[in-house]
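Lettered A, B, C and D in written order, each chain numbered from 1.
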Amino acid sequence: MNTTAPAQAASTGEVALRVESLGRQFAGVKAVDGVTLSVSRGARLGIIGPNGAGKTTFFNMLSGELKPTSGRIEMFGQDVTRLPAHRRVALGLGRTYQVTRVLHGLTVRENLTVAVHGLSRSKLGLLRSWRAYRRQMEQVEELAASFGLENRLDVLAEALSHGEVRQLDVCLALALKPSILLLDEPAAGLSPAERVDIRALLNRLPPELTLILIEHDMDVLRSAVDEIAVLHHGEYVARGSVAEIQQNELVRELYLGKQAEGAELPKETALNAGTESGGGLV
Amino acid sequence: MNGVHGSADRAQPARRPRLGGRAQSVPLVARPQGPMLWIGAAAFIALTAPLLSQGGFYGGLVTQMLIFAIAAMGLDFLGGFGGLVSFGQASYLGLGAYGVAVSMRYGYGPWTAVGISLVVILLVALIVGPLAVRVSGIGFVIMTLALGQILFGLAFSWVGVSGGDNGLPILSAPVLGPIDLNKPSHMSFAVLAVFILSAWLLRTFVTSPFGLSLRGMMSNEQRLRTLGYATRLHRYVAYVISVFFGGLAGILFAFSNGLISPTAMDFHHNGVITIMAVLGGLGTLWGPVLGAVIIILFQQYLSIYVDRWATAMGVVFIAIMLFVPEGVWGLARKGARRLGRQLGRPAADGATTRALSAEAREPHRDGQNDGSGDEAEVRA
Amino acid sequence: MPRIERRLRVGLAVTAALVVAATSACASKAGGSTSDPIKVAHPLPLTGVYAANGKDLQSGFEIGLKEFGSEVNGRKIEVTFADTQGDPATALTTVRKLIQDGAQVVQGPMATNEIAAVAPLLAQNGIPVNDLGLCSAAQLDSWAKTGNGFTSGYSCDQTALVAAEWAYNEMKWRHITLPALDYSWGWATAGGFKSAFEKLGGKIDKEIWIPNTAADLSSYVTQIPKDTDAVFAAVAGAFSVKFINAYKSFGLTGKIPVFGVTPLIDGSILPTMDPAATEGVYAGAQYCDGIDTPENKKFVETYHAANKRYPGYYAEAAYVRAQVLVSALKARNGDASDHKAMAKAMKQVTINAPRGPVSISDKSFSPIQNIYICQVKMVNGELRSIPIKTYEKVPPQGNVLDYATWEKNFKRYTQARP
Amino acid sequence: MQLLVQTLNGLTLAGIMFLVSSGFTLVFGVMRVANLAHGAFYLLGGYIAFSTVQVIGNFFLGVLVAAVTTAVLGLVLERTLINRIRGNVMAEVLLTLGLVFVIDDVALAIWGGDPLSLKLPGLLAESSTLPGSHLVYPNARLLILGVAVLVGLGLYYLLRRTRVGAIVRAGVDDREMVGAMGINVRLVFTAVFALGALLAGMGGALGATVLTLGPGSDATILTFALVTVIVGGLGSFEGAVLGSLIVGLLSNYGEAYFPSLAHFALFAPLVVVLLIRPQGVLGRTTA
């Protein structure tokens, strides 16, 4: 299996996610301002931007945890702007968090059990112990094994190391077998060794999975995504391949802080290298 | 490097809206775990049965304890496993009792009255539930307190139906073949049977996937949402279950006491059932049973001999809150576990004792509002 | 699976063993022997909302026993005061305990719903019970059926019936406004007043129903019409204080006369009341502390020495219950073991109570007694409740209504607003 | 005319409600603790004022002693009990429930259960005829309304115009930040809890001139506070002001004009608010 450029292999041209002039204000402050973009099935898109660029707010709107103040969101051609978070999960959306959100008071096994029941009616099952659901328990064991957590199954999540919690977080998202996965800085706060693990993990993701990844670590980005979009002050300023973005003057200025605050940037910048086949249109 | 993870090959490319997996076939058998449960149950029956058969004061006392234990366990299901500590359980107990009393006042037989009461409890829970589960944490405490006060007001003032402050008598109890609940001893054992059934049911609920999801919700509700859970629906279902057991206790209360009046639903009584559950230990299910025993002893036994029993009860409760926040049962279990470890095997799974520390420990580093938009969350 | 079965078997074996052990332990319990003391159960609220009244009951009963003797024919009267918390469920358990411990006579609990809760239990055991008052139709029915119960206190509307007679005949009031507590006691009182007053030809201008959850009475007091002749306030306890205070502060005191029944100006609340608001208020009462009988002088003196204030009707009612108990025991030579005979003896007692001569009606099992019109007056710098007119030997139905009408009204008005 | 009287009644009831709910909402806003003993502090304040007036004979001194004593009691209880389980909000709330039982029972032992009320001195006990009408209105109620307005302004000044207020407000918005600013959060909490107790105690002393004191008063007052702050918005100072006005006026109109529904007058605004705007009129969604 191709581990370096899985996106090309699976990309079919079908649009997995489309966002139109999506915006969110907090008390008059525009955290995200009119972002328009689309992502093809199987594409791997990185999102970068300085702190406060609105990346996490953007994710929260995609996942349905935050209602946008303007714009619309489509998944596989279906308008999901008004759907609550759990309904979007049912449509195949999974996510992780920058500040990890696992179920701290539960063991790893229980965490994963909650996740594997997430999309079936069995989550409302009352009359049988969760341990008695054989198929789901097997699934949990498999999941844990594939993330190297098989020896930690009966450990409370709050007792895990930071790296393990990150893994569990991703593992929870994958338990739902999502077709679109949103990862919010999966490498943040990890040791160099753990970063290597995360990169390996990202590369093992199923090829048909559409991945959107917020990340600062260029090494992680380089190995995991084939395109990068840049957010700045809540606006979508650039999109291109990893190499193109790294070369981009504007991005370098933004990151190095040369550009004055609140720079007016044309929304349709020439730097947009998106093509139909690449799955990106501004 | 070729370790494609387990689910990869099963992930279908065309993932469309799912209507959920096939419904599981659900056998009506739960597997209790550990010999401790059997020994405990045996000891419990051995302790209560002779007292119940003896009747009189002690039989009545134990009957009261069992009735309140059912209500307190119901409260624990929502509070200890779902993180929503209710202050309105006594109001639902009253509702169940009034359901019986009012039906019988209008000429229905005891069995029909029980059926009507159960329907009324469920209806009220279904109608009030969406209001109550809109908020969590302390907001839920305040909300259930307020809703409970409304029910109390209704019982008090809707005199044409409820009999006002004098309450309503329940003059006869159900008869089933040789079992005649008009006889105190039969009534007591019926209460014991309902108690055992309730305890067994609630334990099954707690260990079910649904129960697990409730505990997960206490850890991090938002995460549960992005794992596909309609968390408010889960809270709602848990609330209805909790109310149901409150009402069930009320039905038993009506028949065993022969009278229901609004006093049973006032602020004080609501607080007392909450105290039972907390004193015993939230999130333990058996703790509230112990709590009910202790509090009833204070209220109905000690009060005969000691003037300032209420102070004593308050002081004991405060001391428990300060020094043993996991409750008396938690304390007992800690001791048992230590003993068990010495004997070479763990006594119980220790994952359920942190009901009281359900608050999210995570600081919200994100300066932005990462909450749920306009869903009202009175956070505590 | 076999493991579970094994556990089950072990569990059952353990259960069986424990049941046998516990039952045999219980079997050695001693059976009730007829020992010397006469056991009297006195359930009353010592905590909760009615705690103060409960304490008054206890004090009155204790003074009564001291006065009339705590020993009859060599047998000691042993009283257990047990806290019911004003809660019917607790009252029931408590009384069950007291019966089990051998109670031979019960002084009924206080609140109407407590009385109702324990009534079936007492009837079933046939134990004589002297209730504080007759305030529900259920009591009347139960007493008529089983014969074990009665009251030496009063029937709920007896005082209101007399107040209506006095208001019409003596004061010549024709238009009355009627604020009343919106629960059974308030209905019975207001209903009694209304039926007697209207029978005489008077008119009720307005009924104002006060929920007994109301904290602030201003919105009710300000509804009183300015052109009414007088206000009959069927309120009790804390509501009396609130009502009288609000009445004055809205400028009605001195303009429209106000009267009520016993608890409006009871001795238990007078010490904390504002004299400017309270002086001059009237009440129809079976007892007020200024009654001029030798029995009352003695009682007031003893009570005042013990409690540093003048007695109210709860204390006097309990004192009278002690008097009735001791008189009946004397008639039975100290033998309380026969429930039927004891109940009969208690009902046949005629005594000179602080409130005057008391005998029990054989129709409604409640007292035939003097009813006074009392007025609050300042005596030596203290507020006292002083009789200004006495209606002698009033039957439970009052002087205006016939018994049948009264019984019909009473049964209705204790269950619904008049 | 009747409407004017009932409006005045509603306003003065709103004054009482504000006095008893401002402390509750302050404590809730800053500490996220629903102090269930708030009603018990009220009761205690009223009793202490009553005894002080009996001994010393000065009403204002009585109010002062009541306020100071309950504040000190609040301070001591916070320092010795609640402080020890800080961070476990539910346990803190339940602990205050335990305090309710103890304080109520001790108060019963000391003062007995008879209904008590406080008498205002001199002119304050009289009634005034309102200018331009022959409407008689009690000074006591006008005094309470005045005190409520003063307390409201004082709290507004404290919260909006002083450094202490800035810290408290910051504490409402973001507790971590206050900690990060190097401010002793524990001290802030203790001070706020004591202030809440002070307000409750003072409310008890003043409330006892219009309402009565006795067992059960505490539950009534707590219910007032709960309803007010839910309607206004939990933890919001402005919400307590608005909530008092809404509940005070509406429940009074309800009692006066729909007497058969009087039992529900207090709760009707609550139910409406819960249905339409569950976070309260001025409540924020998520903090």
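FYI, contacts are C-beta pairs under 8 Å (C-beta built on N, C-alpha and C of every residue); 3 or more make two chains touch, one makes a residue touch a chain.
Being a predicted model, the structure only gives us computed values, none of them experimental.
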| item | value |
| --- | --- |
| Minimal step count in the chain contact network, subunit B to subunit D | 1 |
| Starting at subunit A, fewest touch steps before arriving at subunit B | 1 |
| Chain-chain pair with the highest tally of contacting C-beta pairs | A-B |
| Between subunit C and subunit A, distance of the C-alpha-averaged centres to the nearest whole Å | 73 |
| Subunit B and subunit C: spacing of chain centres that average the CA atoms, whole Å | 38 |
| Centroid spacing, where centroids are CA-atom means, of subunit A and subunit D in whole angstrom | 48 |
| For subunit D, residues that touch 2 or more chains besides their own | 105, 262-263 |
| Residues within subunit C bordering two or more other chains | 47-48, 182, 211, 213 |
| Subunit B: positions in contact with at least two other chains | 31, 153, 156-157, 268, 307, 310, 358, 363, 369, 371-374 |
| Contact pairs between chains, per stated definition | A-B, B-C, B-D, C-D |
| Residue ranges of subunit B touching subunit A (in the complex, touch as defined) | 1-11, 13, 15-18, 20-24, 26-31, 33, 204-205, 207-213, 215-216, 218-220, 222-231, 234, 237, 351, 354, 358, 361-374 |
| Touching residues (chain side subunit C, partner subunit B) in the complex | 4, 7-8, 10-12, 14-15, 17-19, 21-23, 25-26, 29, 46-48, 80, 82-83, 85-90, 92-94, 96-97, 99-101, 112-113, 116-117, 120, 136, 138, 182-184, 211-213, 414-417 |
| In the complex with subunit C, residue positions of subunit B that touch it | 31, 35, 38-39, 41-43, 45-47, 49-51, 53-54, 56-57, 60-61, 64, 153, 156-157, 159-160, 163-167, 169, 253, 257-259, 261, 263-264, 268-269, 299-301, 303-304, 307, 309-310 |
| Contact set on subunit B toward subunit D in their complex | 85, 131, 134-135, 137-139, 141-143, 145-146, 149-150, 153-154, 156-157, 266-268, 271, 274-275, 278, 307-308, 310-311, 313-315, 317-318, 321-322, 325, 356-359, 363, 369, 371-380 |
| Complex contacts: residues of subunit D adjacent to subunit B | 28, 32-34, 36, 81, 84-85, 87-91, 93-95, 97-102, 104-106, 109, 176, 219, 222-223, 226-227, 229-230, 234, 262-264, 267, 270-271, 274-275, 278-279, 283, 285-287 |
